[in-house]
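Below are two complexes that have subunit A in common, paired first with subunit B and then with subunit C.
Presenting the complex of A and B:
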């Protein structure tokens, strides 16, 4: 029985201000060829200068991915002749990767599994090439942008584990604040390698490139398993090769054979002296790492937030950051989380804007949650206030005053309303007498309708029950 | 040691992207072997990774702060062709 073994290489652009080995700005979406200098263009005689921000983020990645940080590092030259890198070598790390022996934890089939990370290393990106019919266009804004390459051990057993690993990895890097991890913009690139074997010995490794989404990673793995199985069963001896995913035909296509292994003639980069990373540096970086998704999930669960809301929060990092601020201010976490992932999130999604771009503020939410928490407004009124604040900047107390939304907790006033409703709904009173609890729900609805949602639900509920009891006794 | 095979010389020439004539290949089969033999002698010295001299100086931890500085350089000065804001070259991917 042929069994697949999968390893994945991921490249992520690091969110530094400047490039890895030149002071040009690290940008995306700028006018082409505006953010590049002679170092990025690979002119003869230029010298690289190492960016401290690259080292900091490299260490941060290593820590976030549970790696051992290499204390003494240097860079290497990987030699290859290709127009996307005119100096004919890429500065990378071959001998002393910044991190080794890490892992990302996934949960598959109810079981926890550690996807082991062989190593992570820092390197520079190539320029972006756009291929037209008979020519190629080059944009050097991307040349020299720092990358972290994350290499797993061949320990992934199927496409589902691969997807879970990539989703978790993406979340970790996003929350750690090291990369935008936008696959569609190319700031995260995934390259799975797949081999099949019917024994403990690994089969022939086929690498797949040019994948632009996590779902395409899944499709490409399934396609390769099927393709290779058929070839092996037909008695074909596979050769190691790199293939390209074609999104249109949903197939992989053999790529031009590039240099491999020894042909890269790695040697230490002589223009960048060694870097010694001491414990203090590592600890200083460790302190800058916020709670990562798995730790956040645990924290939210302990605070009583439900699973659906938690996963919605984790998927929307900005809202999770807002919630953490509210929690730090001792605001009710469950109410805050429900508001954020409810009306606010659906509004943001509808308008394609971020929380920061919207009109509502953290202070607004703090006020609303406190009022809800003290039963001073109903959730229905909260909805009205939120809708108002999303459309226009304002403050909660003014809206309550202007719109006359103050909750009715005045007993006399509510009793009057309730008596009136009971008189007009004798059937429900009868139902209550006969033990039908749902009549209470109906009558509460009527009270809310009558008071335009302003009745204090807790007080109204208590008054309703005592009024009903009175009537039953009669 | 034996001289290099013709295929090995062509492979090295390909990596360097140079054309070689048959006469040159014959010459390089011998000369490259002599170079490799010298390198073998150097390889006999056992050096640990952390002892590798990567730079002629003892400098350590030389880096710059992470500040973006964009010079006003004419990127297209030595470009073969220009197309809009892009450098245009011969198409290089054969699929």
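Presenting the complex of A and C:
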């Protein structure tokens, strides 16, 4: 039977301040060609510089993906003519990739699997070409933006593994603070290669480019498996080729056949001296890596947070960062997590804003959780306060004071309210006598209504029962 | 016409300080001399209007350094903002840079006056200045002969004293060989001594910009201006010193090595004899001289053909007609055709030949057979030099194997431009500083250059030695 083997190459833009080999700024979406200098234009006489931020993020990425960091690195030139390649060579790493022999762990059907990473290397991006009618426009803002290329071994067996690998990889890179990994904006690009074989020998490799979402990776893999299976069964001998995913027709379209393998005439970049990466450098970078998603999941679980909330937190890195801060301040983690992934998250999603952009602050949440934790407010009041703070900047104690929201735990005060309610609801008292428990629910509702929700539910409940007992004894 | 430019820079400086003359006088005289010697074809572009404007603007300024107001000419592969920079190629015949090379900035900071851009071999590929799109430069001592190359314009300019100072560049001998052919002083500094930012690259791991001057002292003065770490060039090194500081000191007790390779039968006997005369002269002055072997230097020329040309094939790939420079007029069907015709029409034969060789040695399996092997042997050459220089202060020998030859000679010999550089290339391979100074003339009245090779960053010692020869050796005085 034909068995698919899949490898994936991922390119990610690194979140440095400036470009890889020039001091131009690394920003997306500016006015075309405003973020390009003579180096990015490949002007005669220019030389590359080397951004230390590139090396730091390269090392960080290697560590986050469990790679061995290469201690002595240099860059290479990859020579090919193309209008989006200003020097007609790209500065990349061919001989000494920054990281080797890493892995990303995935889990499905209850099984864990390590997707092996062959190597990761740093390189510069090309221009963005915009093809119109019979001409092409070039935007040099992208030229020289630092990229990391992550290459797996051909060890992925199906589309499910591919998707899980990409999702996990994306989370790791995001959490490590290496890249924005926005696939739609092109800051993460995925290129799977698929081959089919009925033996241990790998089949003919077909590479697919131009994929703009993880679900399209899945679709393209399924499409290629089907297409190649049919061709092989029809007795067609496949050739190594590069195809393009077409999102409209949901098919792959031939871009080019690899005739004899590309001749990129690689050689060491003479303008950038070797870089020695010592243990101290590596350890300093290791210290800057926060907990990565798998470690966070474990930590949250141990704190008693439920699975649904955990996955909601992991998917929203910003909230997870907020939660970690609260945990560090010794604030109740379960209550904090529930608040963050509840009303706050739905508000942020509705308004398309980040936590930082909203009016509510970490201190606000700290105050609310502490009040809840000490039973000083009910979860209902907490909701009211949160809604208020999301709309307008404020202070929890002021809101409570202004709105008179403080919980009533004072027994005398509550007894008065309860007596009053029982006097006005003799039917319910009668019901209670006859063993109808739902009357308690009704009476509690009345108490809450009367106290505008401020009655401490636990205290009120106890008092109500003892008052009812007194009354039925009479 | 005034002849102030015949004076030493120190003298000119005194006159400027005393307000006896103005920078404008110097610039006017300079352009008169260039005009007078037009047939030598040393310049590609003159910067007359701007130079005059700038000279006038200097009149009210304080003469604050020795090179203030001194005219200088620049090899045309060093980019100058708003001043056409052609690399002597059709490919860049219309190219006006939008930035200044680091060395140009430094020259401007010293208020030196750039008078124009100098002829050269196309993209610095050649050793007789005959590959220039703008035609050959004539030798300043015999106009039927070549000026040498690739900095031929620079050497003839200084040799005729059209301008007292010039910048050249040296990848395999391009400063030293034309300096020897024209009887002047040219230095290829230690690799990394001078920023290459703004030098249109040929062989990046070998290229260095250097001063070409009438005498040793002025050479050291100009190097003072050029050197230093540049954050725009990662291969540049943080060194700053006064290179004139040892000039005038005694050379006795120095130890000098003469490689046997440099005194072989391949060298014209008259040149060899002249070097031997220098050797006996310095021995008389208590310098210890030994003949030595330097392992692997005989492989320098083939190594150069691999390393320099491989790097060039990549460095020159950017000339494709897309962003600047020449672009074909042909109506083309595809981008590949545009590249093809632009490069076919824009580059001369020698450049194309070298780009093809360079692409070949990097192609597929060849990279391992040629390029990576060459890098290994290069390291061995460098180690051999280091070993000798750990025991000796300097290495000396002839700069060239022969005298400047007739224009047109050797044009059909594709290998000649490499063998011309037999004695200079090893220095680039090892990244060492190398200098050529005149030590006399042959019977044919053509100058002979002696090469002085120093340890890395040991230029001050080379200047001391060179200056001693210049002052005290009979042959040296002739120039």
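Observations
To be clear about the criterion, the second predicted complex is superposed on the first by the 421 of 474 C-alpha atoms of A that agree within 3 Å, B and C clash if a C-alpha of one lies under 4 Å from a C-alpha of the other, contacts with A are read in each partner's own complex, and residues count from 1 in each chain.
Here is the rule we use: contacts are C-beta pairs under 8 Å (C-beta built on N, C-alpha and C of every residue); 3 or more make two chains touch, one makes a residue touch a chain.
Quantities reported herein were computed from a predicted structural model and do not represent experimental measurements.
Once the two complexes are laid over each other on the shared chain, residue contacts for A:87 go to subunit C alone; subunit B is not touched.
By the document's definition of touching, of the two partners only subunit B reaches A:274; subunit C does not. Shared-chain residue A:48: touches subunit C; no touch with subunit B. Comparing subunit C and subunit B on the residues of subunit A they touch gives the larger count to B.
Within the superposed three-chain model, A:263 lies in touch with subunit B and with subunit C [touch as defined at top]. In the superposed model, A:38 lies in contact with both subunit B and subunit C.
Contacts of A:111 after superposition: neither subunit B nor subunit C is touched.
Contacts of A:248 after superposition on the shared chain: neither subunit B nor subunit C is touched.
Shared interface residues of subunit A (contacting subunit B in one complex, subunit C in the other): 38, 41, 43, 49-50, 79, 81, 83, 138, 263, 265, 268, 270-273.
Interface residues of subunit B facing subunit A in the complex, by the touch rule stated above, are 15-17, 49-50, 52, 54-57, 59-71, 73, 75-76, 78, 81, 83-95. By the touch rule above, subunit A contacts subunit B in their complex via residues 16-18, 23-26, 31-38, 41, 43, 49-56, 72, 74, 79, 81-83, 95-96, 129-140, 244, 253, 255-256, 259, 263, 265, 268-276.
Interface residues of subunit A facing subunit C in the complex, by the touch rule stated above, are 38, 41-50, 77, 79, 81, 83, 86-89, 138, 263, 265-268, 270-273.
Partner subunit A is touched in their complex by these residues of subunit C: 78-79, 85, 87, 92, 95, 97-99, 101, 196-201, 204-205, 231-235, 310-311, 313-314, 317-320, 322-325, 335-336, 339, 359, 362-364, 367, 371, 375.
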